[in-house]
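Presented sequentially are two complexes of subunit A, the first with subunit B as partner and the second with subunit C.
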Partner chain A sequence: MTPVGTESQLVIAPMLIVLVAAAATLFLGRHPRARAAVSLAAGVAYGLAVAAIDWYIVLAPGAPGIATYQVGDWPAPFGITLVADGLSAFMLTMVAVLGIGSLVFSTRHLPGGEGRSYYFPLFHFLSLGVTGAFLTGDLFNLFVWFEVMLMASYVFVAYSGGPQHTRAAFWYVALNLLASAVFLLGVGGIYATTGTLNMADLAQRLADPAAYGLEPVPVVGLLGMLLSVFAIKAGLVPFQFWIPTAYRAAPPQITALLAGATKKVGIYAIIRLSFTVFAGAEVAVDLPLPVVDAAIAGDSPLPFVGAALLVMGAGSILVGGIGAVGRDSMEGVFAYSSIGQVGFIAVPVGIAATTVDPALREFAIIAALVFALNHTLAKGLLFLAVGTVRSATGTSRFADLGGLAGRSPPLAIAVFIASLALVGIPPLSGFFGKFLVFDVAARARAGPVIVLLLVGSLLTIAYATRMWNRSFWGARTDAVDAATIDPVQVGVLAILAATIVVVGIGFDPVYEFAETAAEAALDTDAYVDAVDPQNASELGGSSGGDH
Partner chain B sequence: MRTTARAIVPIVLVVAISLFVEGHNLPGGGFIGGVLTVTAFGIVYMAFGLDFLERGVLGREVDPGKGPSRDRVVLAYRRLFAYGFAIAVVSGLAPLVFERPFLTQTFVMLEGVPIYDHLEVASALAFDFGVYCVVVGGLLTILSVVGAE
Partner chain C sequence: MTAIVLAAAVGALFALGTFLLLRRDLIRVVWGLAIISQAANVYLLAMGGIAPATADSVPVLAGHGDHVPETADPLVQALVLTAIVIGFGMTAFALVLSYRVYEEHDTLDVTELGDRE
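On to the complex of A and B.
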């Protein structure tokens, strides 16, 4: 029973903040103002906690780089470990920025209905699930946080209560129940194969299977099961079909979170498990893959992951891009665009997994993270803008929109900046994301991948331009003329747009942060050392002395 | 059905409570105890109808015009859910005051208790009680609202 250090306590702080906020807002059902105030306070506290994690654990000179927290004082690998390292911190920061924006937005525009008093508790549960998934160091616990996240998002998809929403929610629930079952099967299989679910312990055992008497080959297939589950969450082709309906059904400020945060949980889980945990597993691999001109052979399951991700990423870029061009509403375009953009994140991760060059691998993960950051900011902003347009005009269909630019220049400028960031125009954050992804493909000498990325970029320009022309330019429609645009919502959009510009102009520190995150993702030894899972046999006599 | 319910419900409730109480050391706990308690309520609902609790047990008048989610007993279920969640969170936070990690548990042996001789009072019981309330409150809300529709 060791006293807990300050850094350790920081690890759990963001989770406790949203947990307490969820409990508090449950009691404030009849006091909308107090509910909003508590939620905002929690949002600010959450932001501060994440900033403290960033600085004291990861970025400050002499910071440890990684900190752990043993929930309930049970030692690893028996108890649940929470781990905050560079990768977790990067993801948390990304989500915190968007989450606070969405929260402020929610205090201004709440869809009506009886469920209103449950909006904020659910919002906090959704944040709790996302935060927990980023911080946990235990595979089963990851499953639990996925479920927490899903429970809240089920309700949000069905929130408006119309027949269309109920239908979307039904499919969403059915698909995710199936995914959860596969996830659970995969987790069970890994436990049966390796005898542990603590990620650090898992990495340690897989790196030296002989010492633990295990046969690592089944792990490759089990990892494939987990990968497909994470691909569903991230919305990669062929698991993209639920995204358009679900994103249309949920309230826009929640869709911003679904696209900006829960999708990133899928990406995070792929990176964390593939590189930190399973990279060390010794499995002979021989896989013909002509696309990437790097040796596709190694002694770990990574090439399988890489090949799958490359194929899924390529499909996503094409399906998302082509689908987005033909949509007839703002959120339809952005939903398909999300599919394509996640493809842009998956491709560098795939290259990172297939290459054997450690420098390129790290660089590719940096590219994926920077692109993910841009996607969270830009797409989050765009979905929030859909919310503004919808609450102002009552519609987001192109047929009923037009001339928004003249009606509200600040709104138009914010959307314009986000669209440019999506396209990848310097000096915005999107430019660096896209530039790095192209650079990775070039360094891997993957000609077909570059062509694919080019096609994807052209499609992005096409649908962004079309969205802009249809809704912001042209003659004003009656709906736009009668609109009353909420200044606070536009303020949130402006701040997010400013963030996109600032990230682009002052890119160096962001790049360094992403670099730290990528190093943390690849440094299995540091991860294992920090968690320090004791050997079950070593503990034999001393364990359970507590109870 | 009603005769069986009269015999079964008390047994189910007793088993539920025993599962709940021994949960920290043996299989059981707040969740499973809660689910079993809800089963008992479910049997009552099926045998005596949805309004039985309001009218028969609590002796209140039921206004048939209101939506099911406005019933006083449903509001009570919702409150139970909220309080249970709060109890669980607070009991998890309590160890932080003693500079122990979140959710750390301990226990006290009470000696010389009549009948039992010694009784183990575990702090995990507080957390479990919270879980129990959440499960009972949540499931009964769903059961009564969806059941009425």
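On to the complex of A and C.
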């Protein structure tokens, strides 16, 4: 059994903070000021807890690199294990930066009438789901955190209360209920095949199936089912169709989180399960592809994952980019743009899964993580800017906008920086994200992928320019003239814009953090050692898998 | 035998759920979703493994320190319990939403709703 030390307690701290905040704000329904104050305090505490995890568990000299918390002191694999390693810490940090920004933003502008008292509790439940998904070391528990996250997001999609919002929420709920059923099927199948759902135990059993008397072949298909569920959350083509309506319907500061945080949960789950858990599974794979005269082959499920991710990523880049060019509102452009950007994250992950070179694999995951970080910051900022524009002018349609740059230069500068980061101009964070992704494709000698990335980048330039021209330049419209722009909201945008610049200029530590995260994602042994299910499985005998 | 019955039941439930999901009536869509999540639960329960019934396999533990009889896999039951609760909440939410859709759009026909862009 692992000793319960300070590091171990730290792992659960962010979850406890948001859980307490959610409960407290629920009871403070009648006191809007107290609600906002408690929420802000929780945001600060959450940020500190995540920073402490980053430093004491991952980054400090001599830090363990990974820490676990066995909930209720039930040893793995029988209890639920929470694990904080480099990958979890990187994702948590990303979400914490954007989440706190969105929280401050929300204290200034709350859409909706009677639903307002539920806004902050739901916000905290959404954060709780995201945090739990990043920290859990158990497959079924991951399902539960997905549901927590989704339930809050369902309400947010319906939050604004118009007929279109209700309809958008219904499609969103229907799609995700179906996805949850598929998730359960995958989880059940994996349990029947391997006799465990603890991720570390799973990795251990799959790496040596003969010792546990397992027949691991079915996990390839079951992993495929899980991947499709994660692809729905991440909004990869062909599961991208829900994104534009849902993103348009939710309040913009929540859309910032949907694009910046819940999408990344999908990406995180793909990376964690494919590389940490299933990479070691010994399954001989040989699937000839007669049309392109190639074959998917290898000795783990990864080649399948890689091929699927490359196809889905390529589709996302094209669909997102082309779709974004023709939209007629700011959030429409950004919603399609985030489909395309997730494609840019999926492509390097796909290359990591197809390559056999461990150095390239690690480098590709670093590229994906850096790109994800930039997407969270830049797209988060842009959706928050939609919120500012909408609360100031009452609209975010290009037809009613124009001349915003002259009306509020600070807002314009922040949006300009985020758009440049999206395009990938040095020295912003987006440059390194895009540069690394191109570098990965070049090192993998994947010519068609490079062409595709180039096309995607050109489309990004096209839609970012169009968005800028239509809303920030040109003649000032009446709506823009009458606008009163909230200084605190612009302040949040300015801080996020400054973060984008700082991440770009001081990129070295960020790269090192991403490198630590990628190493953690690939180091199955360290993960298994930290969770230590071996001990307990010996005590309890074979708890399943013998049928 | 039990395995065949369970497999047939899961298959039938999924078929029924999918059929309802593809209907034009929004309420039927909700029922379809509910049935599919129940089908997933039955499947999950079956994944715990089916042992032939013997005199020894009773679900009651006799007493402290006695011989422990064989029991069914408790883990899948815990999973299904959680999944049932989540599915119940989601079905209720989906029904409320469809009522709201009806209030706001005066129709529950999926095709008509889709046309109202």
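We adopt the following convention: the second predicted complex is superposed on the first by the 522 of 547 C-alpha atoms of A that agree within 3 Å, B and C clash if a C-alpha of one lies under 4 Å from a C-alpha of the other, contacts with A are read in each partner's own complex, and residues count from 1 in each chain.
The rule we apply is simple: contacts are C-beta pairs under 8 Å (C-beta built on N, C-alpha and C of every residue); 3 or more make two chains touch, one makes a residue touch a chain.
Quantities reported herein were computed from a predicted structural model and do not represent experimental measurements.
Colleague: Fit or clash for subunit B plus subunit C once both are placed on subunit A?
Modeller: Pair status: fit.
Colleague: One more residue to check, A:20. First (subunit B), second (subunit C), both or neither?
Modeller: First partner only, subunit B.
Colleague: For A:72, decide between first (touching subunit B), second (touching subunit C), both and neither.
Modeller: first
Colleague: State whether subunit B or subunit C is in contact with more residues of subunit A in the superposed arrangement.
Modeller: The partner making contact with more of subunit A's residues is C.
Colleague: Could you tell me if A:55 is touching subunit B, subunit C, both of them or neither one (first, second, both, neither)?
Modeller: neither
Colleague: Of the partners subunit B and subunit C, which touch A:473 in the superposed model: first, second, both, neither?
Modeller: neither
Colleague: Taking the superposition on A as described, I'd like to know which of subunit B and subunit C A:188 touches: first, second, both or neither.
Modeller: In the superposition, A:188 contacts subunit C only.
Colleague: What angle, rounded to a multiple of 10°, is defined by the Cα centres of subunit B, subunit A and subunit C, with the middle one as vertex?
Modeller: 40
Colleague: What is the minimum C-alpha distance, in Å, between subunit B and subunit C after the two complexes are superposed on chain A?
Modeller: 6
Colleague: Indicate the residue numbers of subunit A shared between its subunit B interface and its subunit C interface, in ascending order.
Modeller: In the superposed arrangement, which is not itself an observed complex, subunit A uses residues 547 for both subunit B and subunit C.
Colleague: Considering only the defined contacts, which subunit A positions touch subunit C in the complex?
Modeller: 140, 144, 147, 151, 154, 158, 162-163, 166-167, 169-170, 173-174, 177-178, 180-181, 184-185, 187-189, 191-192, 197, 543-544, 547
Colleague: Subunit A touches which residues of subunit B in the complex?
Modeller: Going through subunit B, the ones touching subunit A are 25, 69, 81-82, 85-86, 89, 92-93, 95-96, 99-105, 107.
Colleague: Considering only the defined contacts, which subunit A positions touch subunit B in the complex?
Modeller: My answer: residues 1, 3-4, 8-9, 12, 16, 19-20, 22-23, 26-27, 29, 69-73, 114, 547.
Colleague: For a test of understanding, state which residues of subunit C touch subunit A in their complex under the given definition.
Modeller: Within the complex, subunit C contacts subunit A at residues 21, 26, 29, 33, 36-37, 39-41, 43-44, 47-51, 73, 75-76, 79, 82-83, 86-87, 89-90, 93-94, 97-98, 100-101, 104-105, 113, 116.
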